[in-house]
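Labels for the chains are A, B, C, D and E, by order of writing; each one numbers its residues from 1.
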Amino acid sequence: MDTHSQEENDDGDVDLHRRRPKVGAEPGTLALPEDSPRPVIRLTSYSEGSFVERKIGQPGEISRWLDSDECVWIDVQGLGDEQVLFELAEVFGLHPLALEDIVHVPQRPKTQSYENHQLLFTRMLSGGKNGKVGVEQVSFLIAKNYVVTFQERCGDVFDPVRLRLKTNNKQLRSAKVDYLAYTLLDAIVDAYFPVIDNLGDCIADLEDEVFSGHGSATLHDLAEIRSTLLSVRRSVWPLRDAINQLIRDEVDCFGPDVRIFLRDVYDHCVNASDMVESYRELGASLMNSYLSVVSNRMNEVMKVLTVMSTIFIPLTFLSGLYGMNFVWMPERDWKWSYPILLGVMAMITISLLVYFKRRGWFKRG
Amino acid sequence: MDTHSQEENDDGDVDLHRRRPKVGAEPGTLALPEDSPRPVIRLTSYSEGSFVERKIGQPGEISRWLDSDECVWIDVQGLGDEQVLFELAEVFGLHPLALEDIVHVPQRPKTQSYENHQLLFTRMLSGGKNGKVGVEQVSFLIAKNYVVTFQERCGDVFDPVRLRLKTNNKQLRSAKVDYLAYTLLDAIVDAYFPVIDNLGDCIADLEDEVFSGHGSATLHDLAEIRSTLLSVRRSVWPLRDAINQLIRDEVDCFGPDVRIFLRDVYDHCVNASDMVESYRELGASLMNSYLSVVSNRMNEVMKVLTVMSTIFIPLTFLSGLYGMNFVWMPERDWKWSYPILLGVMAMITISLLVYFKRRGWFKRG
Amino acid sequence: MDTHSQEENDDGDVDLHRRRPKVGAEPGTLALPEDSPRPVIRLTSYSEGSFVERKIGQPGEISRWLDSDECVWIDVQGLGDEQVLFELAEVFGLHPLALEDIVHVPQRPKTQSYENHQLLFTRMLSGGKNGKVGVEQVSFLIAKNYVVTFQERCGDVFDPVRLRLKTNNKQLRSAKVDYLAYTLLDAIVDAYFPVIDNLGDCIADLEDEVFSGHGSATLHDLAEIRSTLLSVRRSVWPLRDAINQLIRDEVDCFGPDVRIFLRDVYDHCVNASDMVESYRELGASLMNSYLSVVSNRMNEVMKVLTVMSTIFIPLTFLSGLYGMNFVWMPERDWKWSYPILLGVMAMITISLLVYFKRRGWFKRG
Amino acid sequence: MDTHSQEENDDGDVDLHRRRPKVGAEPGTLALPEDSPRPVIRLTSYSEGSFVERKIGQPGEISRWLDSDECVWIDVQGLGDEQVLFELAEVFGLHPLALEDIVHVPQRPKTQSYENHQLLFTRMLSGGKNGKVGVEQVSFLIAKNYVVTFQERCGDVFDPVRLRLKTNNKQLRSAKVDYLAYTLLDAIVDAYFPVIDNLGDCIADLEDEVFSGHGSATLHDLAEIRSTLLSVRRSVWPLRDAINQLIRDEVDCFGPDVRIFLRDVYDHCVNASDMVESYRELGASLMNSYLSVVSNRMNEVMKVLTVMSTIFIPLTFLSGLYGMNFVWMPERDWKWSYPILLGVMAMITISLLVYFKRRGWFKRG
Amino acid sequence: MDTHSQEENDDGDVDLHRRRPKVGAEPGTLALPEDSPRPVIRLTSYSEGSFVERKIGQPGEISRWLDSDECVWIDVQGLGDEQVLFELAEVFGLHPLALEDIVHVPQRPKTQSYENHQLLFTRMLSGGKNGKVGVEQVSFLIAKNYVVTFQERCGDVFDPVRLRLKTNNKQLRSAKVDYLAYTLLDAIVDAYFPVIDNLGDCIADLEDEVFSGHGSATLHDLAEIRSTLLSVRRSVWPLRDAINQLIRDEVDCFGPDVRIFLRDVYDHCVNASDMVESYRELGASLMNSYLSVVSNRMNEVMKVLTVMSTIFIPLTFLSGLYGMNFVWMPERDWKWSYPILLGVMAMITISLLVYFKRRGWFKRG
């Protein structure tokens, strides 16, 4: 997960600031993601009996693979070269706006039908351990006999799938390319859960910190995790609608048997949304608790001040009284004045302590 | 209810952390619930005239019971053996994804149609007395002449139904297997109400504690019960949609006469949802009350401090004034200075007390 | 309204704790409301020309009245005898689940169609003057030529309708039994408004108390009235859906001319819902105001403390300074030291008072 | 606007307390608005060439005007005479429930179709300058060739329309009666905007008061304006639905050309709703700001107290120390004790001031 | 962006106060925006081969351009002359209500179909850097072969498009007028993002200020930015519905190929709405954080006060005690009294410090 460390150090709103071309620019103008590496293209061609994997240098090489009967998966990692992207768009017959959406990350997760292919924009999440989440756009182009995936930067989320293809996994190798698309999508959605679980652990830790009264940076952490959950929600919620659209609209590129599997991914998305919503509610409720804890602690401080002041201020007054230098102060000259005054002071202290005890000021909370 | 004691000791979010296979794993891979016991399979075969109940050792034994004309109920308690589960899946013709959903507890309550059977995922609730609720997944597989129930661990929620079957209850024995499915589902939904009632009692207790001003751990309890209610809501709310789907979609495996009974279960679910929502609103409103009570109590403390300080600080000043050692202080040498000063102090005290009384500081609240 | 005094003394959530049979009990088992009196059955048979009213001892007697051409209204007050209820169910051909819903009060308001009759479950409200509301279930069974009403306990809400029947009210006597059902339903819904008005008066009183700063138990009252409004909402909101269903589904037992009147009842329900929602918003906003008032009052207290302390603490220091007993303190021996010090103290006091005045501390608010 | 001054002095909830007949009263019983004047009926009959306007004493006189080919507008101001209302109902063939709705003000804005005419219930708003709004019901009866308007009390909102009719406004005089109905409705909806603008100005003023820290009654005003906005919302929101219904249901009495104009009124209603919602949000956000301002101000007060106390309390202790009368206190007899102590005191004061300055306590905010 | 500097200095609610004619005025009466300049009309006529751009003095001149086969774009900047507007309305066959909507800025974004053309009302946003946003209405009239744009004041938002037309941009010049309309709309929507990004930066700055505890005017800024976001939302949200309506209703004036581009604008609108909602949530959550920070800071102040008071008040009492002048006070005459008392005082101080340290009062937060 090394490649995402950069995002994880940003604030949670990494998905709000989208790269865009200058206002008023011609539609179709590309604004490349600044820090995206040059594209690395990996082509995997497979059927039940064969398996070929190779790196592609020139997008033009791809065309001849697409004409075969094999299933082809082209994985493009990195969006940092305009020229290569335009050539890829030509090879796959991409609409200029579609290419724009692939490059101008992050897009809201969505799906779009074009004549020869279906586009699906998703977001991959990573991290979550320290309340921060890395967001990366993964775009799918699903055609009759090939799938193209565009990743914002080099990553390893699809490695398990690639391994299963290589090791001659029967279920995957014998199926059509739509099953591969489902498998890749499933890998992305499944990766949401550890991230959300991490965030849940963060909230649980924060809850402990809030109620234990220790932990200095709590308030800032609370604000941050709520902002991160908002960001995760923006990734998960629209994807669920997009997948539902794939199921409901009976999109051509997904066969009826794969649609059952898509329904399962949809269920996972709904689950993830539910979990995010629950954590958001818990976060909001924790904020309230935090406010109450602060109030309670202030109450404690006030009680200490009040107990001390209320006991000693009258005593100080009394001692000040007999420090006066008036000529005529008869008590001053009596022998028992001093012990009597000490006794009176003790009585005042005791009765105030009893009063405070009765009002429950010595209990915590 | 002994078997659920473990969950009840966890925090309320027991249903958020789902067990899942490794990210990128092949669809259909099972991640068994860690603490789930080995499956115990109990088969009940009955008709109006006959009743057989026995423990099944090998899933393969079940097949021959399914071919008879009798109604068959297979109750699987515990999900702790992958081998047995795969064999069961084969016997009943379960889709790999369906088996996954049964094992990867907790699932969001939902229903799914397959060619030969209907699947229904529900959650059983228990406890609630101390503001904590145990959640256990119960999955239903409803086919033409048999019902299979999968429970996460061994429990007794279906015992009353089993007893009614055994004691030759006419209504149940003469009906088809869909009526049995309804009866089992009804038993689960009916068990929601005592749990929710317990939570309601918890909230009422908390309300008393909040307004009485005693009770130390109130804030934490309040946060906990709100989190528990959130968890209960996640169990009840989607079930109501699932049951509605069973009624509305006119699912094959439920006859029209049983659908009237399902409508009743649906009503119960709506009732339970309503109650949970009401308690959630009461909980949120209680949090506000708690904040107000804390503020009020701080107000009380401040008043005590202010009354004491405001009265004694001027008096202390006056006595300090005449404790000065200036050579020339004419008042010091007058005979009536001391009694006059005492009188002035009494007047100050009385007028301040009157002032505070007029501003209502001696009233509570 | 004497009969409802009991509920009014309960807390507002009287409608949450439903009586239910033991979990797992056979569907159709009745759990009688504990304090419900034995049923009193009053039969009214009328047509344009005739009017008969009598008490029925045995449910069996009713059958022969139903066969006539007259309109028949059977009013059952009290649900305290299982035997009588079962006999009534037999006379009217009630489904076991329907009988259960009538007995297991309170049900969520709803309507259900059966082959020969329509069921409607409503709730009657009473009280509201002290922020508490009595809730009682009234169930309607509406058939072709008779209406049965089941009340939880003896009440007088239908007395005006009975009087109008008796006094040969033309509109009512000449109409069919569906107009009677409408009239009875209208009586129940009309009774909502004084209750809601009472609650509105309570909120207005509370608002006065909150802003006047007097009134001790305000916070608890606020919590209580919000809980009561929640309870009223649960009674009114679903009824509006139920009535809408009666209008929209073109239920057989209501003729088209009576449906215009039902539309009016529906409007009343919408009105009542709107009012409850408005009062709920006012209640929530009042809670905020209460918090602000408490904060403001604490501010006042703090200001008094600060003004007094800030003025007298430096003065006390100064007087303490010249109370020291050092051998060498030249000021002590000057003649004008004392008056000069008094002057300095007066200047300090005046400048602090001016400072506080400039910062607006002597204004209220 | 003189006639509405009464309402404007009431609280904002003038529209919640509806006048209603006794509970259980026969449907159709009228409960006249208490302070409504006796009806004044003004009939205007016009066509492109003719214009007649006169006061009607007896409702019966109206009938003969309705038979002509002219467009007729009957404006009824005041609802204070049951007899006149019943006669009017007879003339126009009003359903008893419709008459009830006209009289039992305020109704929720709505529209109802009857065989020969369409009813539309709207609310006129006035005032708003001091955060209070007068609400008056205006009911429309729109038939083929006449429009009847019922106003709760005498007002001048329709005067501009009357003037345009009189001054031979071509557009209005040549159109059918549905265009007149639109014009009247438009006059009512247009009158919402100045009222809402006034409320917006009130909120802006309150915002200034809140942030300037002056203004005594702010909290109460805030609560009041929120309650008023709630009341305005209840007037505007349902009207938008009612007008939409008129457009969508293609109600007979409005021709297709007038329906374009109705669409414009609908847009105005949506605009008004939007504005009310925006102001409601601003009001709620202002309440939060108010709470923060109060907290901030308390913070200021506390800082003054703390600075003063923290500086002078140690000094007072030190001076008290050397006011002790012990026999053996060597410092007392040294010559430089006094100036040294004064120096120490100055150092303590300066270091505390530096400490406070570093923590930013001398900045505002 | 010079021309918008005026709005940016206003408060955020510039779009709430709409200019309207007097209440009751005849429909169609215009109320010109007060500060709008006289209209400047720029006509651009182009086709693949030709390009003409000129200023139009008299609206009447336009007619002859519309009859040609060229695509024509008329850009009207400024709405300050009633006469010119009426003439324009005549040239384009505008409905009086449509002209009203163009002039009475700001309108809620919406679209309306008329016989020969489609109207689209949008809002252009500018600024955002200091938390304030300038709002200006831009109205589109889209007909078969011409597009008319009405801007409230002179601006340069369309300059990039004009430049692309002039520089013989092939895509734009070869397309029909609907593609031009899309391009102009796209320019407006694209301009939303930098404004929203600016607001996001403002919120991030505010967040830093809130958590750093510095920054004086924070509260007011927070209220202002929330009000601005509300205003932006009112601009973006309805536009998304309007564009959706253009796509869904298959409006004549947009060809199917341009509709794909409109879908892209719609996506941008949804994105903008999402971002605004996210920032609104962040703003609301920041308000909570602000309240907590204020409470925390008060807590700090209280702790300082309490530590100082609690330590020195008992010490002052003790020193006062031995400042009393009683005749018989044996301790006074002992030699070691003074050092012993100093030791006792040191012990009291140390034990209190230890107590405070144990309760964690010396930690920040």
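The definition used in the following text is that a residue touches a chain if its C-beta (ideal position, glycine included) is under 8 Å from a C-beta of that chain, and two chains touch if they have at least 3 such contacts.
All values derive from a computational prediction rather than experimental measurement.
Novice: Using CA atoms for the superposition, what rotation angle relates subunit C to subunit D, in steps of 5 degrees?
Specialist: Copies differ by a rotation of 70 degrees.
Novice: In angstrom, rounded to a whole number, how far apart do the mean CA points of subunit C and subunit E lie?
Specialist: 42
Novice: What parts of subunit E, by residue number, touch at least two of the other chains?
Specialist: Residues 291, 295, 298, 302, 305, 309, 313, 316, 320, 323-325, 329 of subunit E touch two or more partner chains.
Novice: Answer with line, ring, star, complete or other to describe the graph linking chains that touch.
Specialist: Graph shape, chains as nodes and touching pairs as edges: a ring.
Novice: So in the complex, the part of subunit E that touches subunit A is made up of which residues?
Specialist: Touch list, subunit E to subunit A: 157-161, 164, 169, 171-172, 183, 186-187, 190-191, 193-194, 197, 200, 204, 207, 211, 260-261, 263-264, 267, 270-271, 274-275, 278-279, 281-282, 285-286, 288-289, 291-293, 295-296, 298-299, 302-303, 305-306, 309-310, 313-314, 316-317, 320-321, 323-329, 359-361, 363-365.
Novice: Note which residues of subunit E are touching subunit D in the complex, please.
Specialist: 11, 13, 16-18, 20, 22-28, 95, 97, 100-101, 107-108, 110, 112, 213-220, 222-223, 226-227, 230-231, 234, 287, 290-291, 294-295, 297-298, 300-302, 304-305, 308-309, 312-313, 315-316, 319-320, 322-325, 329, 331-338, 341
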